[in-house]
Amino acid sequence: MSKPKPIDYVDASAEVRAVYDDIKTSRSVPDVNNFWKYLANDPRTLSRTWQSLKEVMAPGALDPVVKEMLYLAVSVTNGCGYCIASHSAAATKAGMTPEQFSELMAVVGMANETNRLVNGYRVPIDPAFE
Amino acid sequence: MSKPKPIDYVDASAEVRAVYDDIKTSRSVPDVNNFWKYLANDPRTLSRTWQSLKEVMAPGALDPVVKEMLYLAVSVTNGCGYCIASHSAAATKAGMTPEQFSELMAVVGMANETNRLVNGYRVPIDPAFE
Amino acid sequence: MSKPKPIDYVDASAEVRAVYDDIKTSRSVPDVNNFWKYLANDPRTLSRTWQSLKEVMAPGALDPVVKEMLYLAVSVTNGCGYCIASHSAAATKAGMTPEQFSELMAVVGMANETNRLVNGYRVPIDPAFE
Amino acid sequence: MSKPKPIDYVDASAEVRAVYDDIKTSRSVPDVNNFWKYLANDPRTLSRTWQSLKEVMAPGALDPVVKEMLYLAVSVTNGCGYCIASHSAAATKAGMTPEQFSELMAVVGMANETNRLVNGYRVPIDPAFE
Amino acid sequence: MSKPKPIDYVDASAEVRAVYDDIKTSRSVPDVNNFWKYLANDPRTLSRTWQSLKEVMAPGALDPVVKEMLYLAVSVTNGCGYCIASHSAAATKAGMTPEQFSELMAVVGMANETNRLVNGYRVPIDPAFE
Amino acid sequence: MSKPKPIDYVDASAEVRAVYDDIKTSRSVPDVNNFWKYLANDPRTLSRTWQSLKEVMAPGALDPVVKEMLYLAVSVTNGCGYCIASHSAAATKAGMTPEQFSELMAVVGMANETNRLVNGYRVPIDPAFE
């Protein structure tokens, strides 16, 4: 296996094109992002991931912008550069303001700090939280 | 250094009591959580962490409940048991419903999955995200 | 200390050259990878890491290709770009097909997702697993 | 939201029971694990996760025991106690021997070590891996 | 929100300039690093982070060079490229020798390895450590 | 494979006993910790890990107490409960004071926070650090 390569629409199978078409329609975009073009190397994972993501990120009890911000918070914690770039864009498109991004980052920073303070001081769970 | 032990109000220095008092007043709670009682072993970190947290978690461009959900998303990603328990409680107190928790968890799960799909397929950042 | 620099064979000490020679012979390669050229800044860590890796990755109860896939799964989870590139190549050389890589990635993605679902839902271990 | 609680078959909705039944039939087990009983708090995530897992873990280009070992390698890297327990059991059921477990652990340990050596020495990717 | 951009001194508000000035004076440097120029997009986080860092990294019970090495050990574990570069430089400035860096890296590698051996073998805490 | 079990001296093979004896002599302790008793399920990993650890943790360019503190910083970052307990004890035995532990924890917390601020603000490396 050489390094994975993206699969463009013109080179894609009918199965992959169907997913691309659904992404483009659902998101009103002219083309799909690199993420999908690379996942297309495995049509089953492409399809399963898109179906799951469409279901999970749909409006529900949480606003789409909140869902995108949660996605961004996880990606920042994990240090996934691509994911930070793409979900910063997606959150902005969904309505996240620069002020909201700043506050999100402040929370993510504090949470990563206090998670480790808890670990190191070996803090037991308060009975009230059980 | 033996295992860190919690410091209760009655055993605390004036400096630590002042922080405990501010936490209790700010949050309208009768006592502080274990997190603070363990941090009290280092009064400077106790004070700095509380001041930072008070500033970061205050209402602003993001609602407190959204901030608590971001905190929870980070804690779940990092696998910090205490933090998951305490911020599940805090988010609930701030208004998170069981349905919102379920959607938060679905997003956190998907983000952790797709972060790794991106890593493994070595997906380059789309120029549009730069 | 400035940024670490690679040490090429011609510039290496006899101690480092001996490790390079063993790597080249063991793997039937004309030169060692960057990983070893950077580790050579610390000959003891170079030697210890090579001896450990040679022992751990040798054929045993698990096939070498399975060992390389496990290595890749860890590297993808940790987001180590160099390690993903080098162990994708190593796994391929050991026989991993593109279909196997796709399935590996699907498993790694799911595991990272369900690890967090377990964390957030605070699932206790079933007695049967103890 | 209080602490998540498991949902047993007798208390489950028809939708949840249908998933439980499919798990029990597919795996030939008399009851589902705690993981599913907790996910049942969100029937959509329960159903989506089960469908995904069933697809991903099915025999394919990789043997089921290899898939379970990859799952275990990720879970050990992330430090998910429940997942380590449940996938150690699942891998064993799928045929993993104690010797294979030992070798898996040795690889996972080495990968986590060398991932950090790469980070700290800032090793650039060899052109041959691109 | 487009991609975050750095804010140079000439373009900075009085509030941000005051922090930049304090950093430059405290560290005897002619300009601040990119980290601060990007944090300046959120003056409150810029100010809070600088105040915290100044307090935490000041000489105390631990030498500054030890503190910088601890910072580096965390950054290597997390795989933060920028942080590894900047704290390698800072540790060196504080007196870390190449030999000390090599030993630091050997320890960080071993710790990441044995952390996972502990996870996978499910080692219970010895009573003596409690 | 059932859950790993510890192997006590009386039940150990000659090969395992030799490692236990060396640990006990090197550390002047009457018995080995659980970590070693579980690793003994795989005598090769037991032996290799002990040899590596003995070499890495020996006095060198860094004091043993600094090495133990680096080990602890990594373990706290990774959230390995056993490792935090055992290396807190080891660092204390090597001379770490409670004040030093407090400063270590403050640094580890800040590093985990700023690592994520760097990720989210996508801070490029300053040319001076290259």
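The letters A, B, C, D, E and F name the chains in turn, as written, and every chain counts its residues from 1.
Definition applied: a residue touches a chain if its C-beta (ideal position, glycine included) is under 8 Å from a C-beta of that chain, and two chains touch if they have at least 3 such contacts.
Since we're looking at a predicted model, the values are computed, not measured.
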item	value
Intersection of the contact lists for subunit C and subunit D	A, B, E, F
Chain whose mean Cα position lies farthest from subunit A	F
Higher-contact pair (C-beta pairs counted), E-F versus C-F	E-F
Copy pair subunit B, subunit F: interface residue numbering same or different (half cut)	different
Centroid-based (C-alpha) most distant chain relative to subunit E	D
Centre distance in Å when subunit A and subunit C are each reduced to the mean of their C-alpha atoms	27
Distance between the centres, which are taken as Cα means, of subunit E and subunit D, whole angstrom	34
In subunit B, residues with contacts to at least two other chains	3, 41, 44-45, 48-49, 52, 56, 77-81, 85, 88, 97, 102, 104-106, 108-110, 112-115, 117, 119, 121-122, 129-130
Residues of subunit C touching subunit A in the complex	79, 85, 88, 91-92, 96-98, 101-102, 105-106, 109
Of subunit D, residues touching subunit A in the complex	3, 44, 48, 52, 55-56, 129-130
Sites on subunit B touched by subunit F in the complex	1-3, 41-42, 44-45, 48-49, 78-80
List of subunit F residues in touch with subunit A within their complex	72, 76-77, 79, 81, 84-85, 104-105, 108-110, 112-117, 119-122
Of all residues in subunit D, those that touch subunit C in their complex	3-4, 33-35, 38-39, 41, 45, 49, 52-53, 56-57, 60-62, 66-67, 69-71, 73-75, 77-78, 80-83, 85-89, 97, 99-100, 102-104, 106-108, 110-115, 117-119, 121-126, 128-130
